[in-house]
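Both of the next two complexes hold subunit A, though its partner changes from subunit B to subunit C.
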Partner chain A sequence: MSKKVPAWQAVLRGLGPRGMALRIGAPVLALLISLGITMVLLRVTGADPVSSVQAMVDYGTTPNSVVDILNRATRYYLSAVAVAIGFRMALLNIGVDGQYRLAALLAAALAGALSLPAPFGQILTIVAAMVVGGLWAAIAGVLKVTRGVSEVLSTIMLNSIATGLIAYLLNPKRLAEMRPGSNNIATPQVPSSGRVGALNGALSAIGIDLPGRLYGLLPVAIVVGIVFWVVVNYTRFGFDLKVSGLAPGAAEASGVSAKKMIVVTMVTSGAIAGLIGMPELLGASYEYSLNFPAGLGFTGITVALLGRNHPLGIAFAAVLFAFLDQTSDVLQEVEVPKEIVGVMQGVVVLTVVIVYELVRRFEIRREQRAVAGELATGHDLARAGKGR
Partner chain B sequence: MRRGLKVSLVALTGTALTLTAAGCGGKKAATSDQKTVKVGLAFDVGGRGDQSYNDSAARGLERVKKELKVTTEEISAKQDEPDADKESRLRLLAGKGYQMVIGIGFAYTAAVLKVAKDYPNTKFLVVDADQCKVSGANVLGACFSEEQGSYLVGAAAALKSKTGTIGFIGGVNVPLIHKFEAGYDAGAKKVKPGIKVLPGKYLTQPPNFDGFKNPALGSEAAQGQLDQGADVIYHAAGGAGLGVIKTVGAAGKWAIGVDSDQYAQPALAAVKNQILTSMVKRVDLSVYDFVKSVGDGTFKAGTKQYNLANDGVGFAVSGGHMDDIKAQLDDLKAQIVAGKIVVPTE
Partner chain C sequence: MPDAAVRLTGITKRFPGVVANRDVDLTIERGEVHALCGENGAGKSTLMKILYGMQRPDEGTVEIDGEQVVLRSPADAIARGIGMVHQHFKLADNLTVLENVILGAEPRRFGRIDFAAARAAIRDMSARYGLRVDPDSLVQPLGVGDRQRVEILKVLYRGAKVLILDEPTAVLVPQEVDELFANLRELRAEGLTVLFISHKLDEVLSVADAISVIRRGTTVATRLDPAEVTARRLAELMVGSELPTPELRESTVTDEVQLDVAGLTVRTPEGRAVVDDVSLRIRRGEIVGLAGVEGNGQGELIEALMGIRPAASGTIRYGGVDVTHWPTRRRREAGIAYIPEDRHRHGLVLEAPLWENRMLGHQTERPNARGPWIDRRGARRDTARIAAEYDVRTPGIDVPAGALSGGNQQKLIVGREMSGAPKLLVAAHPTRGIDVGAQAAIWDALRAARAAGLAVLLVSADLEELIGMSDTLHVILRGRLVAEVDPRSVTPEDLGSAMTGAVS
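On to the complex of A and B.
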């Protein structure tokens, strides 16, 4: 256990302290520190930190905001899970952004052309998006195992290629339709039989009344989270995934094909990435247009880091980020530039990452000291063993 | 195990936030003073300080504040945000009791129409309304004939060019910017049929809207067109156009600004003598007209076209570089206003 894991790998894989006290202490400490830094930052920009935070909380808890935050968190969550799958085996899929945008565009074009009875159109659209996302990610995986191309470089390039490809395809001559005089370009609208209704109806049946439209596909994110947790912890694939990340040599020796794992992981990550755009496409916009949310893939990287690659951790991180993004507008009202929210998010992630790593190292050092101390006193570790 | 700690972590932040919030209730300045008229304005990508499109809107707001004595509030947009963000931004303003809410940029159209339905007592303006179509008894859409103004600066570019080659740089490849290019091209060829207009360079492809924001992209594109022999370059690239003007200015060639009279922009003072003119798009006028009409009760829902005829678009003469050709351009303008010249938009 004394083999040193490089800090960046520990950070990406979500390694942290193992002792109970430190597990609770580390995040508490990290959040207190980041809250403190945020307050100081607000003070420095000339605002009253307390009333600024209050304005954010006030606005963030209005029913309209709650719906927006949950919708936003759904997008962030799916994106972060897509990223986290790669992170688990130290595979950096920076290309989630391109994967989900391309998948959303092609799925939107398909859904706009389809007119199937209720569940089939939606299912086909979602499956198509996952296939497109998976295939686009597979390019990077295959390049890595056959040519040794770093997945970081190839996925970044694939993002640019996806942007170009989308610009080419999102054209009245190809997948988009012309709306005279419009500055927007969009794929044909998804017919009403192919849409997913809002969750509000189902929620008001159990007594929760919310305004606006809550994504009908929000439960998909929850299912993805549960499946991710089960697969990682209770399946052969999940075990192979973790081992390949922790100790590639050991994995290889025990018969896990590293190459296969890389491709399979990239494809899975891309398939989940394909889901990111679906709640918005089928539940809100019904078309892929210039206004389709972009850049979610990069938010996902930060959210996954903050959530330590754990399904629940990511859920909290996604909600926290969604809350901060949603309430950034209200800061301008108390004369604080909204960009401060980006700084806050950075502070939170950095503090969490740094505190975890420092605490982890502190714990390792403490254990080593304990072991060294016991060895020096001639204590029989093997016999005393379990009592430590 | 790790799950447990994450729960506690979030619970803790939540508690901390609630505590701080509870600790200082009532400190916030009262914002619901019903006597003052309040105008809320949401900016497009780039926000205040782009020296161009958004700043034109900001000028309108400043004028409103000074002349009509109203309280104003501004919020800027983030890049790559979905419609829901724009909607909640407008909802935030309308919900805070702003009697007038303004969305700058075509991307706000759908959001304005949606929010306006929920706030029938609030008046809404959307500048550059998409397809120049709005609905609702409390919504006004402002539309601009950018091609007409671009036609005149295109003519100016052709008349001032010594190399016989002129260029156009657009921010993002969207139909709105095609209007600028189409007018520019037609105007240049009208006064000098033999002029070479370089194919329009678009800085980014949608959905990447960096081309309205990143001056480095503008610089690079401008250098490219200078290398191809252009000696007058017109940009329709918002904040990214700063890079165009600075690069063209540094090379001692003519730059043509857009939206605001960029000769007068402090950020461009160093190269202002190389700014031939600017295609002025009076976003400020549309903002002012809107607030004024609501104030004196003459507000009319629907759309309003801003063109050469009502000086909603035009060209700037600051710096005096246009003095020798102004008469010629005014003649073209008169012909467009009279309908003798129809400027293409594509």
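On to the complex of A and C.
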């Protein structure tokens, strides 16, 4: 046998140019196609596509925008990871939205009432948010395993219930207080000992100077991403999760308890959802008010889809969405309605989903051909094993 | 002598790296049912695609009614009177039978579709060939047998004189198979030619006028007379060697009871007992066979043993311990190995690579895991070992399981389940739908494991396998064990009648 790695091995291991080309080529291709469609759309609305995109890029790369985009991306990222955990086992947690809002409200009320020395208040607040999010999601999980209620329906309904509950609790008679001089209602401010400082200081120490305030909890999103990746790929739990999603029958026969997995996955997803509001609460607003960012749970579904449930893919998707949202304002200056950004986001997601499916089918066909071909020409692990 | 309906001469078709057909010679006379047999992957499908114009041969000629033709597309083939009924039906559910039949070949009158003429033509064909279907019924509620008749009508409506049927019985139940065969005889009586592709030898022998066998891309026997050839001979031609026989040599049965099931009852959610008061014992080194017509509680019994389905009453003792209420994972960790009936749905994750499939069902055990962590290196190394030891034909362990043939998938499952020194094996149809080479390998594995002291519960629909491989043989009927027969003396016929309850 020659020492050179045969081409078939390179292809199957994803080493060769073909494998790499597909892995990197598919998303690049999808983005190019959606950029093309976007250009056409801009043209149709009467704008000059090149200068519009140029304006978006120019505005999006100013230091102020970069900070805002990173802050937005942090929220999107946490939200998308919460959704992706469910997606991994074909569990659609539509309720991330309700889970994070309820968690943020209750955690804000707790943090506002606490006065603990530095790390403990923050940790307690974050843990409380994760517990609230997890418990709220657990309702849907328990309903599914005991009564067979579809998690899609129950989480949508739980979103409405969360909205009602928040409206009830965010009241001067209960958890909130009126802000003097405005119509806003908010929970008591988090004391300064319970806040998380901006990252700007740490970054300027290594030579990056940014204006504004970069969320101090941005690293939490990175840690969540890494933990997600490690759990999915390197742990038994991740394996069970993957098998349950791909082949529920095989999972059951292999000893995975479907009910346990559903509840555990929902709780985990809800706990991550609880984190979504934390960077804003502890790093910027210090209170839960009527102005607290809403709807992040739904953006998360789209971002998870765009990022293919992969921690790195979701990171790119979160930044892309944040960039589009951030730069939508500048479009008005070139006389393009800012709502076109929503269309662009839709185009990106659809293109990515379609391109990936086509590539996947192409790959399956190629693999089957490769297997048949290699066996016919004698590359066979069974025979090679005996020869040795 | 009249010209043959179809004559293929010296057909060769190469794909990159593979020769799918090599020097195939095949003659099909007019007005006969001609069967083409061969194992999966022997080249039957490629040959039929060539005849139907879907692929062009690299060498060789196709003659139809004595005239040499070049078929560039299925449309060419249809124009020459060749029609194909695919294994997977291609019908529009929301259209009627009539609309499906004429779709793409609509008769027109004054620029509009002439439904009356089409209806008359279909009624006429239905009557003439005994293909009973109501042209105005929707396709959606029709059963598989009816749908197949619609497919045949579609082909006939386009004027086919030669019908290619690709594994037509694969989707049918026995009564429907009988009906199909009656239809085929009618077609033959009307002078049509049928080319029937199958690997079910009993069916081939009962319906064909002539049989040809294809192996590794070439015809190894042509125009055999079904009256003069046996199923066994055909099978040997298909695989090119003597067939393996399921048989056990000296008894290895010990008196140590590994599995003791007492009074086990399993109920459906509605409360009906699908497994009814079953008691059986399996000792170490013993293979206990379970014979029964499908759907008589075998599947539910197995699922109860594996902990997938709860027992309503009764006990399951495993190695002396009551495991009746143990979850599946605990049973598997205790050494119960499982070969599920449906390997695609329950035995494998088709999208996942082989090494991940090797972990399936053993994801908590070495060499696949260390504590909560997956041991990729251990699992991968052990997958390579299984591939070599169990002769899993694959170019590598990163190939998705779905890319392997059924026999190789099953060998991987058997190899996986035999790993880690199991004490009990629950095997459901371990050799169903796989080629004879893999079948022999799996029988060898079962025999070796039995000799090493494994207790085996074997459920199978293959009576020869059950009789040959069992030390003890039970018959299950409507969820009850109704008879215990001696596998050394029972004949398949006797066993068959016991399974249907014909003898008490």
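Worth a mention:
We take it that the second predicted complex is superposed on the first by the 341 of 388 C-alpha atoms of A that agree within 3 Å, B and C clash if a C-alpha of one lies under 4 Å from a C-alpha of the other, contacts with A are read in each partner's own complex, and residues count from 1 in each chain.
The rule we apply is simple: a residue touches a chain if its C-beta (ideal position, glycine included) is under 8 Å from a C-beta of that chain, and two chains touch if they have at least 3 such contacts.
It should be emphasised that the depicted structure is a prediction, and the values quoted were computed from it without experimental measurement.
When subunit A is checked against subunit B and against subunit C, the one touching more of its residues turns out to be B. Contact with subunit B, but none with subunit C, is seen for A:G313 once the two complexes are overlaid on the shared chain. Looking at the shared chain after the overlay, A:V127 reaches neither subunit B nor subunit C. In the superposition on chain A, no contact is made by A:V145 with either subunit B or subunit C.
In the superposed model, A:P180 makes contact with subunit B only, not with subunit C. Of the two partner chains placed around the shared chain by superposition, subunit B is the only one that A:Y59 touches, whereas subunit C remains out of contact. In the superposition on chain A, no subunit A position is in contact with subunit B in one complex as well as with subunit C in the other. Note for the complex: subunit C touches subunit A at residues 15-19, 306, 308, 327-333, 338, 340, 342, 345-352, 356, 359-364, 369, 372-374, 376, 384-385, 387-400, 402-404.
Within the complex, the subunit B residues that touch subunit A are 1-10, 12-13, 16-18, 20-21, 23-25, 27-28, 31, 73-76, 78-85, 88-89, 91-92, 95-96, 106-107, 110, 128, 130-133, 173-176, 205-208.
Interface residues of subunit A facing subunit B in the complex, by the touch rule stated above, are 16, 20, 23-24, 26-28, 30-32, 35, 48, 50-51, 53-59, 62, 64-65, 68, 71-72, 101, 163-164, 166-167, 170, 179-185, 280, 284-285, 290-295, 307-308, 310, 312-313, 316, 319-320, 325-326, 328-330, 332-334, 338.
Across the complex, subunit A meets subunit C through its residues 8-9, 12-13, 233-240, 242-243, 246-247, 249-250, 252-257, 364, 367-377, 379-382, 384-386.
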